[in-house]
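One chain, chain A, links the two complexes that follow: it is found with chain B in the first and with chain C in the second.
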Partner chain A sequence: MLSFDIVFAGIVNGLAAGAIYVLVAVGLTLIYGVLHIINFAHGSLLMLAMYAVFFLFARAGIDPYLALPGVAAASFVFGYALYRFLIGRFAHGKDENILLITLGLSIVIDNLALFFFTGDTQTIDVRHAGGIVEIGPAFVSRAKVIAFGAALALCAALGLYIARSDMGKAIRAVARERQGARLVGIDVEHVFAVSYGIGIACLGAAACLLMPSFYVSPSSGHAFVLIAFTTVVLGGMGSFLGALVGGFAIGITESLGGLFLGEQLGQIGISAIFILILLLRPTGLFGGRR
Partner chain B sequence: MSRKTSIGAPSRRQILAAGAALAGTLSTPGIGGAQARPVRIGLLHPVTGFVAYSGAQSRLGAQLAIDEVNAAGGIRSMGGARLEPVLGDTQAKVEVGVAEVEKMNEAGVAAIVGCFQSAIVLATTQTAAKYGIPYAVDVGASDLITTRGLKNVFRLKPGFGKCVDEAIKALDGINGGAGRVAKSAVIVHESSEFGTGTAKLLADRLPGINIEVKEVIKHDNPTRNFDNVALRIRSLRPDMLMMSNYQNEYVLLARTLHQQRVDLAGMFSVLGGGFNYKFAQDLPDVAEHMMDYNHWFAPTNPKAQAMKKRVEGMNTLFTFEVYLAYNAVKLIADGLERAGSADKERLTAALAASTWSDHFMPYGPTRFVDGQNLGGEAAALQIQKGDIEVVYPTQFASAKAVFPKPKFG
Partner chain C sequence: MTWRVAASLSALAAAAALPVVLPSNYAVNVATMILFAAFLGQAWNIAGGFAGQTSFGHVVFFGTGAYASTILQLTFGWNPWIGWIAAAAAGGMVGLAIGALAFRAGLRGSYFALITLAFAEVFRILANSVGFTRGGLGMLITADARPENMQFKDPRWFYWIALGLVLASLALALWLKRSRFGARLAAIRENEDAARALGIDTFREKTLCLGISGAMAGAGGTFYAQKYLYIDPTIAYGVEKSVEMLLVTMIGGAGTVFGPLVGAAVLGGVGELTRAYATGQGLSLVVYGAILIAIVAWLPDGLIGLFARRAKRRDGGDA
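What follows is the complex of A and B.
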């Protein structure tokens, strides 16, 4: 039987890991909520952002935390342009085309990364992110505590932006009824591109928070894709709140599963959640609310 | 010599001399005349997928060997036949590896060199055996590879059985020299044939040197997070951590334990996938004093040093994948030279009887029994001040092991 201290530490570690899952899933759910497509290029774009963070640190010595606003902004511009000039243009208004384009994009990005960056594992050594923070009986690495706080702050800021700003209102309007939004004069294509851009900006932020404690290789983004999909399904496709709750729930499930069932079998908890949600509440925890 | 012969019509003597020269040229293998038919060698590696770096390094080593053989005039006993690579990518998947062997057979390869992951080596050697294609295993540690009675399989380096036995001896020597501070260990390994087989052997052998195994922890590839493993290790309070993982997880595990300040007397991997110069340079604090029992070139061999310089000159690290694949191709080239033919049966027989010594591994001449070279030996290494030092066997050691490693402040 595991002691309370270990279980408590497991929950804290799960929350810390969950914060990153939230950030990755928020982007995915926003893109789904507005464009009604699964962005298959999500993992590849996360990997690309992680390489950007790596090169900024390795070549220019820019701290990943200081780079966060810049990387997020550049990711937004990249995502916006990607939608405007590639995905939107070749989709011809069909959702299934978008699906295929993002899948193709993912394959192209992965292979270009392999060609230009090689398959080597790249890490950055951020000294001030080393060390641990004691939270009761738990020891959490400083990098993960920073990631947790920053992810929550970013989610809150994004939530406020969606709730209060004119663009946020337009995004919600397009997500709910795109034809109606078009009729009242909203530039739907622009909103699509902005939503895609925001989704990719979330990945840029996640990359900055991940790199001090993780690594990047051309396949590393995919490690987070299944988790992000499960989080979105759990929380409800397109639900912002759902991604938030879902990310933390998945983080804790994964962590406690690892503690009680072993590191390999513990992953079964995530799959079990995925199946149970599809069986019992296919719309997800917050799927009905918009 | 008359002026007439130098500017006018050729003299009889000149015609005879030219004819003799031509005959001489044609009789010299590989120079002028009809080129001997090239010999196709299949290079099978995971150049995409989660071990793509190791696959690319292996391919590089193999191609360097092919270039070298060709530049030196090809296979002389076959009229200077050039080696021609047929490239294959396993994508780190068993079924893809098997399909690539089928394609290589269709392409008419004389031999295959590959393919890094034990699980895929097991399947692809089996497929190659169906067609009698000689298969030189460059990297692939499982003992099963050479114990299934396949006549077409040859492995220059030792398997994990011997590596674990030698690693245990090295650890016992290092621990004994430090007053036996290590009395317990936790084993963390990846879940495929390589990690599982190595961990099983370690769990079996460690009690024999008075190190109790407190727990064996298995993880998948890829693993996103080792926080819980660090937590578990902290709660078990072992003296040693024994590791057997591929590159990404090796680096992530080491880094997590360092970030969480988990105190251990030592971290010792067997065939650690991420233990290399890059790890030592990129994460010097994490890597410092980590130990690994792994394949290593003979440090005093001038060929090894020249090759190291050449590879580093290409802005690439001289990792074990490079020199193991290089030597595996050179082994095949030597077999072809002895067989004087690309016939699969003759080549297999030549490899089985091989006494090749022109390599730069600390192995001596090759002697294959059931496809396993018996002279193969690895070495215990430790990262010290950002460099990799040999700490065992003592006759090759370049430094003394730092053990136990200093505790976190």
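What follows is the complex of A and C.
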């Protein structure tokens, strides 16, 4: 039987990995909650942002943590434009079209990345994030501890923004009742694009927090997309608290799965959770009625 | 009507004679893979096009078929021709099982697409982990080029087998277009709630449809394994093949009889062109992705919709 120390370390490492999943999934759940669309390009856009962080560091020497506001802002603009000029315009209001368009986008982005950046994995070495933090019997890299804190902060900030700001109010109105929002004078298309932009901005932030402890390759997006969807579905589509709990739960599952089932079979946990949740409780843990 | 029969027969004769006039084995292989892509696309089309159940994980049936016949052949010494039938049965059963689970849970649209993707991922991880698939090492079929082993020295035989598969799938699609079963599937695609209100057992029809589609893709798996004599979890269950099946059909025209064939020909042509002009990997897929977006944006009926629209205008009706 495995000792307590090893299991404890597994849980701590799972929480650290889960923080990253939270960061990736928060944007996805916002996009789903408002637009009711499934953004299949989410992983690919994350990959793109990670390359941006990589090049900023490798070519210009910009620290990823200092780059965070800039990358997030640029991601917002990119996401806004992407929705306004491509996704929203071409989908003709059908959900499945959006799924196919975002699939097409992810194919284009992944393979352009493969073409320009080659299939090599890239890492950056940020010195002040390289240390190890000791938590009881477990060791976690400092970069992951920072990401953990940032994930909590980002969820709180996003929750506050949606709850308190005028734009947040408009976003909630559109999410609840599209036609009604239009009737009271809300520019629905603008709100959609803003929501998509915020979702992509979250990815930009996630990329900055991820890169110090992770690597990027053109297939990184694919690696994250199913995890992100599982997180969102587990927590309940559209729920920030759900994304938070879901991300941590999946991080722990993955870590303990690897511990008990071995490296290969351990990966099955994520897909299995995804299937079981969809089959048994499609609203997720924190999802309301639909 | 008679000119149609004549045209079909001459097209068929031309298709059958093609490998005799093609200049190289390479050209024969390209033509074979176009036909094979058209066949797999038609398998996807049965569920994704005719019944409107968009799947992102159709490779799960393909891979199951490929593994079924290969394991039967290598571990149990079955003849691959008989294994081929077992592969179709295995693919069909996985289709029925996934359909029963997903449709019983009421999953539709994007959710159905995502759960099929997750099922494919589960199968990939299992194939990577369990013993009887030999894990990540993959399974190598011993080369012994005799027709009774479903292996051929002359690559043209695979072309003719692929042509036969395409013809059979076209016949099935034509039948679906005209049968009551096909009409019920179309009703489900257009408006599932209305179809149920009309008394259609939507669960039964959709599950059956996924079973047929899965059996076709499973049969495709054996063809692939016998042609390349090697499969591994990434080939058998990787997302690339799922995407290819979807692309071929969506680009050609989902829910049409000849859509997958048109899509496969176009994608095959684009693939060869980009290979000729750029050495970099992945460039052809960039073009495919862009075409998919353009099709969704401007040609919801696919490339074949272009011809249909023109034909409609010529006939002056909206038949």
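The rule is simple: the second predicted complex is superposed on the first by the 288 of 290 C-alpha atoms of A that agree within 3 Å, B and C clash if a C-alpha of one lies under 4 Å from a C-alpha of the other, contacts with A are read in each partner's own complex, and residues count from 1 in each chain.
Heads up, the rule we're going with is that contacts are C-beta pairs under 8 Å (C-beta built on N, C-alpha and C of every residue); 3 or more make two chains touch, one makes a residue touch a chain.
Keep in mind that this is a model prediction, so the values were computed, not measured.
Student: Have a look at chain B and chain C on chain A after the superposition and call it: clash or fit.
Tutor: They clash.
Student: Check the residue A:262 against both partner chains and state whether it touches chain B (first), chain C (second), both, or neither.
Tutor: A:262: touches chain B and chain C.
Student: Look at A:69 in the shared chain and tell me whether it touches chain B only, chain C only, both, or neither; answer first, second, both or neither.
Tutor: neither
Student: Between chain B and chain C, whom does A:125 touch in the aligned arrangement: first, second, both, or neither?
Tutor: first
Student: Return first, second, both or neither, reflecting whether A:219 touches chain B, chain C, both chains, or no partner chain.
Tutor: first
Student: Quick one: is A:90 in contact with chain B, with chain C, with both, or with neither? Answer first, second, both or neither.
Tutor: second
Student: Which holds for A:114: it touches chain B only (first), chain C only (second), both, or neither?
Tutor: Both: A:114 reaches chain B and chain C.
Student: Taking the superposition on A as described, I'd like to know which of chain B and chain C A:13 touches: first, second, both or neither.
Tutor: first
Student: Check the residue A:227 against both partner chains and state whether it touches chain B (first), chain C (second), both, or neither.
Tutor: first
Student: Which holds for A:254: it touches chain B only (first), chain C only (second), both, or neither?
Tutor: Only chain B is touched by A:254; chain C is not.
Student: Quick one: which of 98-106, 134-142, 296-304 or 332-340 on chain B sits on top of chain C after the fit?
Tutor: Residues of chain B that run into chain C: 98-106.
Student: Name the residues of chain A shared by its contacts with chain B and its contacts with chain C.
Tutor: The answer is residues 111, 114, 119, 218, 222, 262, 264, 267 of chain A.
Student: Looking at the complex, which residues from chain B come into contact with chain A?
Tutor: Touching chain A from chain B are residues 47-56, 191, 217-220, 222-225, 227-229, 231-232, 234-235, 247-248, 251-252, 255-256, 258-261, 274, 278, 282-286.
Student: Okay, in this complex, where on chain A does chain B touch?
Tutor: For this pair, the touching residues of chain A are 3, 6, 9-10, 13, 16-17, 111, 114, 118-125, 130-132, 139-144, 213-215, 217-220, 222-224, 227, 254-255, 258-259, 262-264, 266-267.
Student: Using the touch rule from the top, collect the residues of chain C that touch chain A in their complex.
Tutor: Residues in contact with chain A: 54, 56, 101-102, 104-107, 109-111, 113-115, 117-119, 121-122, 125-126, 128-129, 135-136, 239, 243, 246, 250, 280-283, 285-286, 288-290, 292-293, 296-297, 300.
Student: For the complex, which residues does chain A have touching chain C?
Tutor: Those in contact with chain C are residues 37-38, 86, 89-92, 95-97, 99-101, 103-108, 110-112, 114-115, 119, 218, 222, 226, 229-230, 233, 262, 264-265, 267-268, 271-272, 274-275, 278-280, 282.
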